[in-house]
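In the two complexes that follow, chain A is the common piece, with chain B as its partner first and chain C second.
And now, the complex of A and B:
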């Protein structure tokens, strides 16, 4: 069922009701509801208030997940985003502690991300023979290196003036502001990928970049733009990260890249490009977040939680393969 | 009809297993309790309390011993204990765990902090919810907790370590420090104290600190850092590792390479026993530590006292810590502060070839 999930460039008829019901994305919605139910069963503390209260810590990663979805659809990968978060957060802290107005601090945080992403995109689009995995592995080390140098021997920095950043961790009722911001960004990213020519171009490039090029798509320009967007979103993530930790250290953002890639893949976006929908990744992200909160509340061993999430990821990528194998077996049986 | 019988049977089986489970658990508890009674005296002071301890990360043996001591006292005093090891040794991972403990509405949380400032928001939120916050092992900013259970005064540890370096180098020469992460609160404080002492006192003027390396409290990275130090500084005489992971890694490297460089620092006796000795076969002549089990016990008594409101965390508050040696404890000022307090467990303890055999069995 998941094998056909996501729109590909091949001109399939637009979704019938049946297709929609059996899509990977609707499976994600079901799993999401299942996780909420599970949370309510296993933990007496799994109230809406508590879940929203614990959520902001995990929300910041979703910003990157949205952009990572684009990159994966292109058939590329960006493993430098975690380091960009570290660098953006560090420079923002330094700027804030130097007494710059908060608007400027926000700008520095986001522009740092933009600049890093732009550099990734520049290299990726001008040296197309290099795999983006290698490019971003290099910049990952560079960005974190710059952050570590800026942090100095102490290895960490904290905001002296926390009042302004607290605006970002405010709540409307019981719902954190960051939740609404995530929703807005998610809506924009999902609509752009699914409903615009720009989005269709991404799928075209991801399916077959040579064909896309001959169809008149400026492949390299688009890749450059997408990497820049990813860097920018890492900057946004850094901003919200600061709102929950009031500071940065050498370990800030470590492993974020893998977590967001996991969310995307779990959500049905293929790392080979051209397949998958962002809404799947969006639900996958909330499945992981809500599951973590539920298991955390019953004091499950944190390592075991990681094992469970890893297992879910493996199972999710295996399901299409198993489905295919079964179908093949059935066909064989029919023939015989 | 048959289906009904089966379901009845199933239900009966389930009931028995539910009924049997608590009995089983109780039996174990009583057994443990009798064992404990031989060693410690408890007064049921934590009755009805849920007290949590958050360590730095799983797989840190020192932290696990603290949690053990904490658990022992809380359960001994009739309370419920929650032990949480974050998924990695970062403040970020601790925030998630503490958030969850707030949801659970525990009475007190004892934290061994991975970062001085990053936990501020979540700890403030916990205190707003009426949860008592204390730190042990490594502190946060003092306004974010009620009090801090300090395993040893920073000054005392710095002094012990620099004296050991002085002794082992013969009073002059190069030494290096192999620390945990670059933002580890207590390691940084001890290193600063060592530096300050050696600058102030002429006695240490001929000691030359060549580098502070960071093994991030990971065994492999600490091993690599030790090897790098040996390569970079051929005249190095002593490595001082004020972290249990670092010292164990360095001890193995030095002993395997039969290096001339000797080691001291802070280490777990059980992990370091095979490296401690005065001869050339061993890489570490002596080292220091305190008793993490006792630190955990002290944290538990402090948590109970905070929840009971015997103490508020103010300087000069006093409380009974069961049958612990230095009980009753008094809250002392942090540095020159007039507002913020800490509780010092006692002076660091020296482990040498004479006593290591006895202590390696303990922890």
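And now, the complex of A and C:
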């Protein structure tokens, strides 16, 4: 599976072991260990128990990250997911406060996401001339607009009956339930992308959609499915978001889309499509989560974390360019 | 059919600006029927003042999108530059309006140049690079201000420039639009941007320094965002680190409605102006037709989608007709 990884560090890794060692994903593992070490050095409270206790509020975005990985592999982009989270959470809150049974609330939350994603996918697959950035820019404003209208002038809503949703924020031992759910979803998404024909089709479409079409892949149907899945995952995210915030407002989920895209790109998935592994994005997500918890514990200005994430993102995408430049310089030197 | 007539007819129906103008006129006529005072000069002035920030940045976004790029860091650059000049006044360092504008513009230009260099030299996807800086500059705005505001008293003397009724914002808007109209239409630099956007490879072969053009385009975008940051402080009379959060999408939306193609090479200053104006007029008109301002975003989103989808459908019909004519 040559060329599947989004970015490589060495020029042309030869053996399998070398390939594994110098892949972007193994670099992610190293960074992950580095972050944990950093946390232990700077904060005396950075114990496993504390980290798991603070984790749930950051975990929900990972659900979207998994689906965003698929979309980026297709060479598309979806910037409406944050608004879908807002709309799903809002409608679920309204349904819950109206006294509907919890099962129905969960269903409303997830089906709202599914419907939104389905709309994105419908437009993307029927008007293929349009870049998905524009489509989801439009639906981003629409979905949040619907949430704004249903929230009314107050602009926020809180859950009256928190008992049922607290089931989702329970813990098994020291580990929160949502952590296990994330792991299960991640496993499914990673295996489907890496080990099934469906996953291989996504890479085929991402590298060359015309060629994929002539190879007999129903490109538009697959794009429709993937966008629907992304919407559904945004609904799942909204559910777990509610389990840690117990309410929604017009600003719920704002900026989520960029954060999950950042996780994917940092994890080695190229926005141009056809390249990268989801496991990289998964590690990137946990790197960011663990870093946030560590910096939060030493009371660092919470916004400084933005600067650090931004810098990490830019450095990570610049590494291949720097590597190329160095290689060119070396070749020139050899010739001379 | 007369050939010349055909040409003029085609030119009018085929031109994006003409159809936008028609939409705008119909819109204004409808609103004027419902609310006869809508077109009063005061009201129009208010529309321009409320949307001056979006309109100003849309010019830079036009250039960026012409090169098939995108810049989502603009509102963060805006916040960083606005916050900086807010703090300069808070701690009584500088109170000169012109100097503050120059400082804001310089900060913006540096931020933009960084974007441009990384995108052109580092071959990084524009959305990713500008996303990184979106976090960095927004974070920096919080860090330098230590989460505090520069309040109305702090910027009191300076906000005279942009306060309601003052000509400041209109002058800046008018100058910017005139300059960009001339540059994009009649100068070598403007045509180079179009060339790079429609076919970067062809542009390179014909001797255009593509990297330099792209770097310059992002620098201009940053410069405008920096100026807009200063203008924003002056219009709203305060500086806070979260100002205009998420508004970069409004700027992109204005360009998209104005007919700027995200794939590059297509779009004009006039179209961008009208795109921004249509969004502004609709936002202002919603309360008049009995819709709460809560509906503003919903309507705006629907308009964006309808416009882009209509565009695709008409293009398809035109292509099919052209094909049919050839087959005859």
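Going forward, the second predicted complex is superposed on the first by the 322 of 336 C-alpha atoms of A that agree within 3 Å, B and C clash if a C-alpha of one lies under 4 Å from a C-alpha of the other, contacts with A are read in each partner's own complex, and residues count from 1 in each chain.
In this section, contacts are C-beta pairs under 8 Å (C-beta built on N, C-alpha and C of every residue); 3 or more make two chains touch, one makes a residue touch a chain.
Note that the structure is a prediction, hence the values are computed from the model and not measured.
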### Task
Sticking to the clash and touch definitions up top, decide whether chain B and chain C on chain A clash or fit.
clash
### Query
Where does A:145 make contact in the superposed view: on chain B (first), on chain C (second), on both, or on neither?
second
### Winner by number of chain A residues touched, once chain B and chain C are compared
C
### Task
Mind working out whether A:303 is in touch with chain B, chain C, both or neither, as first, second, both or neither?
both
### Message
For A:210 in the superposed arrangement: first (chain B), second (chain C), both or neither?
### Response
neither
### Query
Looking at the overlay, what does A:153 touch: chain B (first), chain C (second), both, or neither?
both
### Task
Check whether A:321 is in contact with chain B, with chain C, with both or with neither, and answer first, second, both or neither.
second
### Set of chain A residues, in rising order, touched by both chain B and chain C
153, 254-255, 301, 303, 305-306
### Message
Give the list of chain B residues in touch with chain A in this complex.
### Response
58, 82, 84-88, 90-93, 95-97, 99-100, 102-105, 115-118, 120-122, 125, 181-183, 188, 212, 214
### Query
What does chain C use to touch chain A in their complex?
70, 72, 118, 121-125, 127-129, 131-136, 138-140, 142-143, 146-147, 241, 245-246, 249, 252-253, 256, 262-263, 292, 294-302, 304-305, 308-309, 312, 315
### Summary
In the complex, chain A touches chain C at residues 77, 79, 123, 127, 129-131, 133-135, 137-146, 148-149, 152-153, 254-255, 258, 261-262, 265, 270-272, 301, 303-311, 313-314, 317-318, 321-322
## Note on the structure
Within their complex, chain A touches chain B through residues 45, 47, 50, 53-54, 57-58, 153-156, 158, 162, 169, 244-247, 249-252, 254-255, 292-293, 296-297, 299, 301-303, 305-306
